[in-house]
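One chain, chain A, links the two complexes that follow: it is found with chain B in the first and with chain C in the second.
What follows is the complex of A and B.
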């Protein structure tokens, strides 16, 4: 029970910081809108539904990267990461809380991005929304974990996309499949499996990322 | 530190030389021509055995990473790194040989429908990122931990990516064709086994060589610090 309370407190801290500083979310919103405009000009003529749903996923992935890159950078800059590690709570709670906070930002960005996509390109089906929900979990779980790794390096958040994109290939496969085929069950199941598998691995090994 | 018997490096080097030569001889003179693809199919023996060797190296890297995290074995971190390094070298060879084979068989240097090759590309990018990660950290326990965790992600990624690529293939190419029929026996099998053994022994020799060099380097640095 105290684990849930720790996670809640840590996540609330991140959300409160964002509410006061308004650093990440406006940047993500602006970025995703700008990416859609770039896509419109990058795809001459009237692109098909198949093409634009691929691009939707590129936009989501890169927008998520923007948020993920910011997740641990302030902690490192302010030197608060040491405090978090020393706090008398399970270390994996730090990862879980960060993932939840990043997930909240990403979902908030998508609440705007999906209608915008529908307005600019094609309408969004129920399967795509389900795929977005499932993919978000995987993206935030793995991305937050790798974000914590990346800020420990000299290259800082430059390294995050390099570490993250190869691991995101299965997410893209599952998500794009779910948004273009008629019966998306298999792809959604695959996304759920990915989430479960990597969430367990991240949860179990986060200890080694922050502790020495 | 228990004293375990290790095959001496010169013996390993000689045996890998002999095995690779034998494998080359088998591939070019003993194995029969493929009915469909003719002479060019012979690259199969190297391509597949190098691929399996690369997987073995990545698995070795993950195993050593696990040993580092679990048992805190001080030698495991370097062993894990050397395994991944060898895996990446063999992985590059897989991409090269696969590309050559694809060009000869299908007329294209790259085919997205070849799921093994695409899987290797994803893994290649993943393990290149491993090097980026490792080289932007200062030597120490943190570097060892982060590298080990990332190497362990690799063994989770391999089956997941494989399943994903199979899924994506179903999206575009619903028909899964088998290139090799059931007639996989006789000299083909013998040649393949020789080539596979040769590659594994070669990889192990290179691994031992690099590991020995790296350990010597570390010891030299320690000694210099003691003297300074």
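What follows is the complex of A and C.
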């Protein structure tokens, strides 16, 4: 129960910081909207559902990268990670809280992105929404973990996409598959398995990422 | 409380600490001095559990919850208010009667009236006072303080003196400073690091 309270306190802090600083969410919203407008005018004719599904996932991944890149910025700039690491709570609570806060920002960006996608390209079906929900969990779990690793290095801005994008390939495969096939169950199951596997790995090993 | 033997620390090729021996019994007050670059901060980070030595051994009887660490950074969020910062740490450290304790510390360090202001609007001295409130909040057994007087005006420094005097008998202190004279009345030992 105290673990849940710790996660709640840390996630609340991250949401409050974003509410005050407004560094991340406006950038994500602007970016995802701009990407769809660019795609809309850049693509000739009427692109197929398969093609536009790919574009949707490219937009979501890069929008998520914007948020993930900012996830540990307050801790880096203000050196507060030491304070969190020293606190007697389970260190995985830091990862889980950051993942939840990033998930909230990503979902907010998608609330704008999906209607725009529907407006410019194709209707968004239930399978796509389910794929987005499952993919978001994986993106935020893995991305936050890698963000914590990258933030300790000098090449942090370069390192995060280099580490994250290869690990996000299965998410894209599963999500595009779920968005275009008639029976998406297999792909949604694959995304759920990815989430479960990587969430457990990140949860169990975050301690070693933040400890020197 | 804290025993280190032949403690060493390297960052790549650069050797920061070599062969440090220290013994800090419960109730002790060890003052660490030395010029810039002598490894005071690294030693304190190791003692607080924030860094691992690359040589030697360290034994600390205090667990994480019993350590109060003040580093060069205040470890508070600039976009949060003083109250929100202390609430966060109070929750993480499971401080009992959190609100009362936070209120008492903010009063004592002269920050009560500014408790709802964001730390970003604080002066460096006020931020240091808040950092001291954060360190004292969970009533640690072992205080690891790196230049605690930095940025404090005379009134702030006197507040810190009073706090050290109050806690001196029952807590253990490891304190790095460029002003050893100031903490001389409290000290039970001194460790001078060479550059």
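The working rule: the second predicted complex is superposed on the first by the 212 of 212 C-alpha atoms of A that agree within 3 Å, B and C clash if a C-alpha of one lies under 4 Å from a C-alpha of the other, contacts with A are read in each partner's own complex, and residues count from 1 in each chain.
Basically, a contact is a pair of C-beta atoms (placed from the backbone, for glycine too) under 8 Å apart; a residue touches a chain by one contact, two chains touch by 3 or more.
Since this is a predicted model, take the numbers as computed values, not measurements.
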Superposition on chain A - do chain B and chain C clash or fit: fit
Contacts of A:84 with chain B and chain C, given as first, second, both or neither: second
Which superposed partner A:2 touches (first chain B, second chain C, both, neither): second
Per-residue touch tally on chain A - higher for chain B or for chain C: B
C-alpha centroid angle, chain C to chain B via chain A, nearest 10°: 90
Chain B versus chain C - smallest C-alpha distance in the overlay, whole Å: 5
Contacts on chain A seen with chain B and repeated with chain C across the two complexes: 211-212
Complex interface listing, chain A residues touching chain C: 2, 5-6, 9-10, 13, 16-17, 20-21, 74, 78-80, 82-89, 211-212
Complex contact set, residues of chain A against chain B: 149-150, 152-155, 159, 162-163, 165-167, 169-170, 173-174, 176-177, 180-181, 186-187, 190, 193-194, 197-198, 201, 205, 208-209, 211-212
Chain C - residues contacting chain A, complex: 48-52, 63-65, 67, 69, 71-73, 75-80, 84, 88-89, 91-94, 118, 134
Contact footprint of chain A on chain B as seen in their complex: 69, 122-123, 125-126, 128-129, 132-133, 136-138, 140-142, 145-146, 148-150, 152-153, 156-157, 160-161, 163-165, 167-168, 171
